[in-house]
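As written, the chain order gives the labels A, B, C and D, with residue 1 at the start of each chain.
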Amino acid sequence: MNLLTAIVFLPMLGAVACLVVPKNLVRQVAVLSSAATLGLSLWLFPTFLGGGGSDATAIFGTSYGTLHHVIRLPWIMGDSFSIEFFLGVDGLAFPLVVLTTLVSFLACLASWNFNSWKVNKGIRAYFFLFLLLETGMLGVFVALDFFLFYIFWEVMLLPMYFLIGVWGGERKEYAAIKFFLFTLAGSVLMLVALVAMFFYSGDAIAAAGGSVASGYLEGVMLQHGTFDLIELATCPTIQSYFASGSTLFLGMKFATVMFMFLFIGFAIKLPIFPFHTWLPDAHVQAPTPVSMILAGVLLKMGGYGFLRLCYPIFPTGGEVWAYVLACVGVISIIYGGLCALAQTDFKRLVAYSSVSHMGFVLLGIAVMTKAGFQGAMFQMIAHGISSPMCFFLVGVIYDRAHHREINRFGGLWLTMPRYGTMATIGFFASLGLPGMCGFIGEVWVLLGTFDAGAKYPWAYPLAIIAAASVILTAAYILWLIRRVYLGKEREEYKGYLDVSGRETFILASLAVLCIALGIFPTQTVFNFTNGTLDLMLQQVTNAIAMVSQSAVSGGLIG
Amino acid sequence: MNSLLGQTNLWEAFDVGRDLFLFSPMIAMVCTMLLIVACPIVIGRGTRTISVAASFGIAVTFFLAWRVMGTVGDAAVSGFSAEPFLGLLVADKLSVGFQLLLMVFLAGVSLLWLMGSARTERNAPEFFILLIGSALGMSLMVSSANLLTMVIAIEMASIPSYAIVGFDKRDRVGAEASLKYMIFGAVCAAIMLYGTSLVYGLVGSLSMTEIAAFTVAQMSGGANVTLLGVALSCVFVGIAFKISAVPFHFWCPDAFQGAKIEVTTWLSVASKAAGLVMLARFMSMMCAAVPSELNMNLLTPLAWVIGVLAAVTATVGNFAAYKQQSVKRMLAYSSIAHAGYMMMATAVFIHPSASGAGAGMSAMLMYIVIYMFMNLCAFGVTAMVSWEAGTDDIEGFNGLIRRSPLLAVPMVIALMSLIGMPPMAGFIGKWWILVALGQTGTLLGWSLVVVASVNTLISLYYYMRIVVQMGIRDSGRRPAFSSPLSGLALVNVCAVVLLVLFFAAGPFKERVAGFSTSLYSVTVTSPVSHESLAVADQEAGQ
Amino acid sequence: MTGHTYEICLALGVLSPMIGFWLLVFGGRVLGKPGAGWFALVTGMGVPLVLATYVLLCWLRVDDATRAALTENAARFHWATIGGVSIDIGIKLDSLTIAMFFMVTFIAFWIFFFSIGYMSGHSDEVDGKRKYWRFFAYLSLFAFSMLGLVVSSNLLFLFIFWELVGLCSYLLIGFYFHEPTPQYAQIKAFVTNRVGDFGFLIGMMLVFFHLKTLDLDQAAVVFGEQYAAGSGIFASGFTMFGWSLATILGIGLFCGAMGKSAQFPLHVWLPDAMAGPTPVSALIHAATMVAAGVYLVARVFRLMTPEALMFVAAIGCITLTLMALIALVQVDIKKCLAYSTLSQLGYMIFGMGCGAWVAALFHLVTHAFFKAMLFLGSGQVIEGCHHVQDMRRMGGLRKKMPVTCWTFFIGVLAISGAGIAGVKVGGAGIGLGGFFSKDEILAVAYVRSHEWTSYERVEEGHGGGHGSDEHASAVKVGASRVILASDPAHGDSGHGSTAHGASAHGGSHATGKAAIFENTPPLPKWMFYLALATAYITPFYMMRAWWMTFMGKPRDQHVYDHAHETPMMYIPLAVLAGGTAFASYFVFRDLFAHAAPDATDAAMVLAIDGTTHTPAMSAAHSYLVYAVGGSFVAGFALAIGIYGRGLDVAEKIKRTAGPLHTLLEKKYFIDELYHLVWIKGCLVVATVARFFDTWVLDLAYNLLGSATERFAVFIGRFVDVHGVDGIVNGISKTSLDVSDVVRSPQTGRIRSYVMFAAMVAAVVILILVFKPEPSHRLLIPSVASLGG
Amino acid sequence: MLTIGLTHYLIVAVVLFCAGLYTMMTKRNAIGILIGVELVLNSATVNLVAFDRYLGGQKLDGQITALFVIVLAAAEAAIAVGICINVYSNLGTVDVDRASRLQG
């Protein structure tokens, strides 16, 4: 039994179980299965231990595309066609898988008080969809066949739609459909890319005589186009064909336009200005656990997409668009911060802060430097820890006060001391305080961006503008803390109970991670990711160099 | 049929036994109709009796079709003609397979009718006769290899449909619908016939293969094909009417809305599918007529005409479906859109000798199969909901997930499938069409890929409106209700099939791809000699 | 003791408060009051103090070679890798670290001690709830961060602890967060610091990018090499405001210092920070944290170009002057002290800027002692007077709190630089704190401003010689400079360091140094004179404060009656008073002098070689001593003259001064300005952004949310107002219009259907008929021609 | 002297076709429209026969097709009239413009 398959489909089993077990056991079953999934995903650790040390090459190999726990089963085969059930993990996917299982587990715990929600009908359906969603998310991270990837990507869409739409707040319909429309718009472009990449890789191989050695598997010959994401990235024949300026798609340069198609698809998920407007609504309307999932995992898919598809497969595209993307990233950073500063809705503020943080991810990736990639990756993980915490903090108070008006709060630290302390940790983590997870990602990205100045002169100003966000972030977070937690105790909130044991457990475990990641970034994240990231970056830069030698310059129209 | 008269000994011309066997499914349909006519006289006109008879007939037809399927090899067999490929009708995997499909669908529709209108209707015999009659017409459409048979088949499919749309004599709307359908159909048929006459004049024959060969020869010769173009477009009008391709789609929404929902279900899939298969057959013959792979772009203009029409159809259908309040009408428009998608596949021209030949055809066939189940499911649910609510207004779906989950869940699956979202079969259908388009690698192909994908997004909106009504918005006013068990079974089975077809996409494709392989065996050995009109005119002068 | 014992001790010293912090967080409630306080005193500061003392004593005993060896061999542990650059965690083991470490622990210990007394009353109540243990937890956390900041060997770690002390200051300023003032003060403090850190980050980016390391020592070495080779950061021709990239690097790092050490224009947060409990003001906002900025400059001194240092000097000079002036008019005792702190910090920064590396640090330490004492004194007063802070309501308190009164007086003397000029007992001048440190700064400033040219001439004699890589000689040269820089102020006051100072002067400058030395400009004269003048202002306002508080007659009987003092609180005062005296003479200056060569050994620094044995210099210094040394007399006299009998005279002056007075009282309206420009401005922009988001962007997607709904209502019967239909119709308004267009032929009239269809068919046919040859060109261009 | 050639027949057919099309589009009476349809069908018939005659006599396809066309016309007419009656009984008129309930 392949471990990844088990990890991916265990939640599905739980989901089915939720439909059959008696109503009063549904919660237990759900929590149990998500916990089991978490446990299983922890079994991946032994594979990657020691990634920082001597056996790094043993784990990450000597070139991009060294995978573990691989499973390849033919699914839809044809004479010129092979769609496989192809799962595998490397340093890029592994941390995200663990993050997903972890956040899902905690979110599942967070839904424990389902029965006391405003909309508390259909507990079965809720947990069924919830676990289905988890399967979808895990699938996205481990699927290495583009077709399969796309399937999981879409599978995850519908449960999320219903989770927001059925159990959401006042304007849930609006938020849900907006989420759905935006994401589908993105995946439509991805679909086009999916078809195009298959056939163009086929053309490449045909042009090379109809049979080409695989880029990363020994003794495997490619006879026709492929959906294998690693293959597309590593096979030199395909790569050079994709990159060549004479390969046109609808009269435009293939690499350039494909990169954009994929990019937009993922940028909507990330989300990046100006595609971010679905995020605040979705977050505000979604129930707390769903917000946790949304912020903790779904947004990461965008970044994962960049790193898995856009850059390895279309390095030249990345080169052409680098400036634009970096600018967009910086805009999101600043813009998100400004919007957050102006919010009066607690959850909305946190949502916008996510936009700002995700901007760092894009910036770090766009500049294509070691530190940038590492920082972006770390930022994803860090944000995956801190933002669920923030959203849960919002949820905790929303459960009690049933409103999210920042200005109506105050003095909560006095009313609920433990909650106040947790909140301080959570928000300082997302503020990017050194010693906490938020800081590492930002600094790495900033330094990485500055480092890119060598090849892109425009990187300096961008890095500096991005650095200015530290002020902005401090401003809105501290202002938030002041308005919500500080000040005199309010009569209306006097009676509130402090966080319960369950809530404390969720918050504490996240808080511990916030600090652990901040103090031991290498041991907690970098050892697992850097190997793959560096190899990938190396390959990307080589590809770019190769193309620029053959003097194929950028520009959309070939 | 010149051969018919050319031959001195009529009966040696062809092997009667074989041909009769090949076309036994159609004969079986005719017999079924006769049986149903006889029933009232002999036994009585009770709904039960008639339905038993009908289902017996359907079963027999299905069985026969299955048998034929077994015998029909990869080579197409053309019937009622001595010369192998100049016959009037063709029996190949495509046509027979379509008949099989048609029977399955027919069974589903009849089941739907028995659950619904049958309770109020007293005219079971007439209904079944008309239904099976149109089915017969459709199976003729898919197996016709000659313009004449095409025309007859189309009429045979249409005329019962006109009647069946206005079946309920007391229904004002139904009457109006049938009137419109009939008039529009008549006009299109007339134009098609005129076109046929012109084609005959130009080609000197009505055999599709010869027409294809002639057309290709003309185009490659760079001769002036103006008149031929006019003639063919007139012929195309008739086909487009069946497919309800823009701008010949006007009848579709009105007729579908006016007709009983079972009838709508029937027409929305069967007649369109038949038209599409007919078109596809014609086009594949065109491809086959092209001498070699290299001159394929002779057909580029043709591809563009069809492709553009398809794109327009899909887009118009999707946009027009917005703001519809009657689910029936909305689904009518959506059926136009889907016809557009399928039509795109017929714009895929690949030379038989090239790899991936028949990709378009098999993609279209798969889509038809999947579309059949999707629509059966969606219309089935709509039918039961509208019977309960007394209207097919979208409000009727309000809170369905609570009121009748066993209807709501299949509906969600069907709608997602119609949108084309994994893991429903609808996605696979679209996927293969996109693949087929991509395979051409032409500008047209990729543009259509983009158009189709974007249309998916457009269509999202109106399908989701139903989902929202069912799942998210619940006024709580409407009570829960129970539906006939058979109905629930029908829709749920369809839903399951939709899921299964997705995960079993591989074998499914293998199977369907087989249907299209035989097409290209219909090649023209010797292009027919042809006397130009001018010559003919001089002759006349002497 | 040998090997890594030093580091281990220091590390333990750093970690001990950390452990204390966690124990307090989890067990604070159990320990209760005052248990938590005592616990914090022991773990938080007791242990570190012991260790620090131990380390210090050992360090003093070993000789230079050993010290150098120890510094060299200090262990480094890999923490993370940024890109390709490895970030190592480790302890920067040198005299500077050890001195600072000792200073911090010592002062902090007594302030903890004081806090126990201070908090014993009701001072630990936040909105009526006791937060006793939380206060000490914060203090412990601060202790940890501050010590970490002192020992860290890596710029990144420096920054991390830098931020952590910022956090502690934030938390402690806002300790009484139920009142509005602390809330705003804490945010102001943190955000203002962040502004500085923004610069710090930029500096760090430059270091990372050009020097390819964040380790302080390596960075300095690479910097020097790159200068010598004219490569790396010196290769880039980029300039901003006429500053080279290297200069910007220095200035960027200095921005951080400007934030922490509250230099103009980022000084605004410090006065407000006084909203925190008084011990906090003493510990964080007077003695240790605010000095961190100076410490930072000292640490990165070797990355500073002359231009950068000039900038530093200018900022310091401006700060010290303006703040001293504001202090003149303050009536709140803590505010008064705060502004004096600002002014003194200005002195230190100014000293750093003009190259008085040792003097500045020396001033840092002495100032730390006496300013901590002064604050604690004020705390005693405030606590005694039931939280009255207005000096105008005090007066005559000496009877009620004698110890406080006289220790406070010692502080006043120290800050005013009181001493007897020229007289030496046992080779050492007689004076307190500022008398040595501040005057030394002024001396260097004088050389830089007045005798620089003559100095150059002398120096050029030594030009050329061995390369800068020759460490030893460089050390000696550096040493000689720094020692002698302050020679006049002390005579040869028997510091061990003079020895190698004198012996070492044979050393010469590397080519690189010589070159930069050529283009190191003299200090503008106005800077020196401003600093000098301020030296006269300081004694005045300090004496004013002391007199208003303790001397004269009680002005508010009520306050006077309550006034009292408790041993828990005045013992620390006494200790620190002693400490001030001690610090002025022993240990610290030697250590700094010893650290100087390494810490300042980079290409461009020697150019600011404070002085040489030119007779002119000595002369200058000797009269400078009198000039400054006498300042406190004048200041005191004037203060007593005005405030000797009540406030009437002051009132008169105030009335006559009119606008000037308000200008000072309003702190030059800088706060108002910032509030207008930054806060309001930022909020405006933010609001704009928000509106852009909700109105413009969503317009693109769903065409103005509410308008959408209106549209939904408008179109009708089936679209409900707040339903998804409405919104989605909005999202796709355009598509709906398209939809209308598309369905417009669907009139329901069969004839129009036929007509429409026929027309389309006709059009197609017409195209066919009138198409140009060859046939397919017109229908659609062929694939080939489009190159699909 | 003028010899009647294929062209003339074709012209006649075209005229018929156009007349039929015109009728279909202008007539409001359903029966009228059907008459238009018949006209178009007849034009097709004329074409077929004419072509058949002028494409060398050995082919009879055209004439046979013509017969089929006539049959089709008859069948269509039958169902059409039936529907018209049904419409009349429901709407009380066969004015097609009055039958515009279904639209949009």
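Note that in this section a residue touches a chain if its C-beta (ideal position, glycine included) is under 8 Å from a C-beta of that chain, and two chains touch if they have at least 3 such contacts.
The model shown is predicted, which means the values in this text are computed figures rather than measured ones.
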Subject >> Intersection of contact partners for chain B and chain C >> reply: A, D
Original post:
So which has more C-beta pairs touching, B-D or A-B?
Top reply: B-D
Original post:
Based on Cα centres, what is the most central chain?
Top reply: A
Subject >> chain A-chain B separation of Cα centroids, rounded to whole Å >> reply: 44
Subject >> Distance from the mean Cα position of chain D to that of chain B, given in whole angstrom >> reply: 26
**OP:** Calculate how many whole Å lie between the centre of chain A and the centre of chain D, each centre taken as the average of the chain's C-alpha atoms.
**Re:** 66
**OP:** Could you tell me the distance, in whole angstrom, between the mean C-alpha positions of chain C and chain D?
**Re:** 97
Original post:
Which residues does chain A have that touch at least 2 chains other than itself?
Top reply: 173, 176-177, 181, 250-251
Subject >> Interface hub residues of chain D, defined as touching at least two other chains >> reply: 24, 33, 96, 99-104
Original post:
At which residue positions does chain B touch at least two other chains?
Top reply: 179-180, 183, 187, 191, 253-254, 441, 443, 446, 461, 464, 468, 472-473
Subject >> Contact pairs between chains, per stated definition >> reply: A-B, A-C, B-C, B-D, C-D
Original post:
If you look only at chain B, which of its residues touch chain C in the complex?
Top reply: 179-180, 183-184, 187-188, 191, 219, 222, 224-226, 229-230, 233-234, 237, 247-248, 250-251, 253-254, 297-298, 300-301, 304-305, 308, 316, 319-323, 325, 394, 441-446, 458, 461, 464-465, 468, 472-473
Original post:
What residues on chain A touch chain B, complex-wise?
Top reply: 74-81, 83, 121, 150-151, 154-155, 157-158, 162, 165-166, 172-173, 176-177, 180-181, 184-185, 188-189, 191-192, 195-196, 198-199, 203, 249-251
Original post:
Where on chain B does chain D make contact in their complex?
Top reply: 1-2, 5-6, 148, 151-152, 155, 159, 162-163, 166, 169-173, 175-180, 182-183, 186-187, 189-191, 193-194, 196-198, 200-201, 204-206, 253-254, 257-258, 324, 329, 531, 533, 536-537, 539-541
Original post:
Can you list the residues on chain D that touch chain C in the complex?
Top reply: 21, 24-28, 33, 96-97, 99-104
Subject >> Residue ranges of chain B in contact with chain A within the complex >> reply: 355-356, 402, 416, 421-423, 427, 434-435, 437-439, 441, 443, 446-447, 449-450, 453-454, 456-457, 460-461, 464, 468, 471-473, 505-506, 509-510
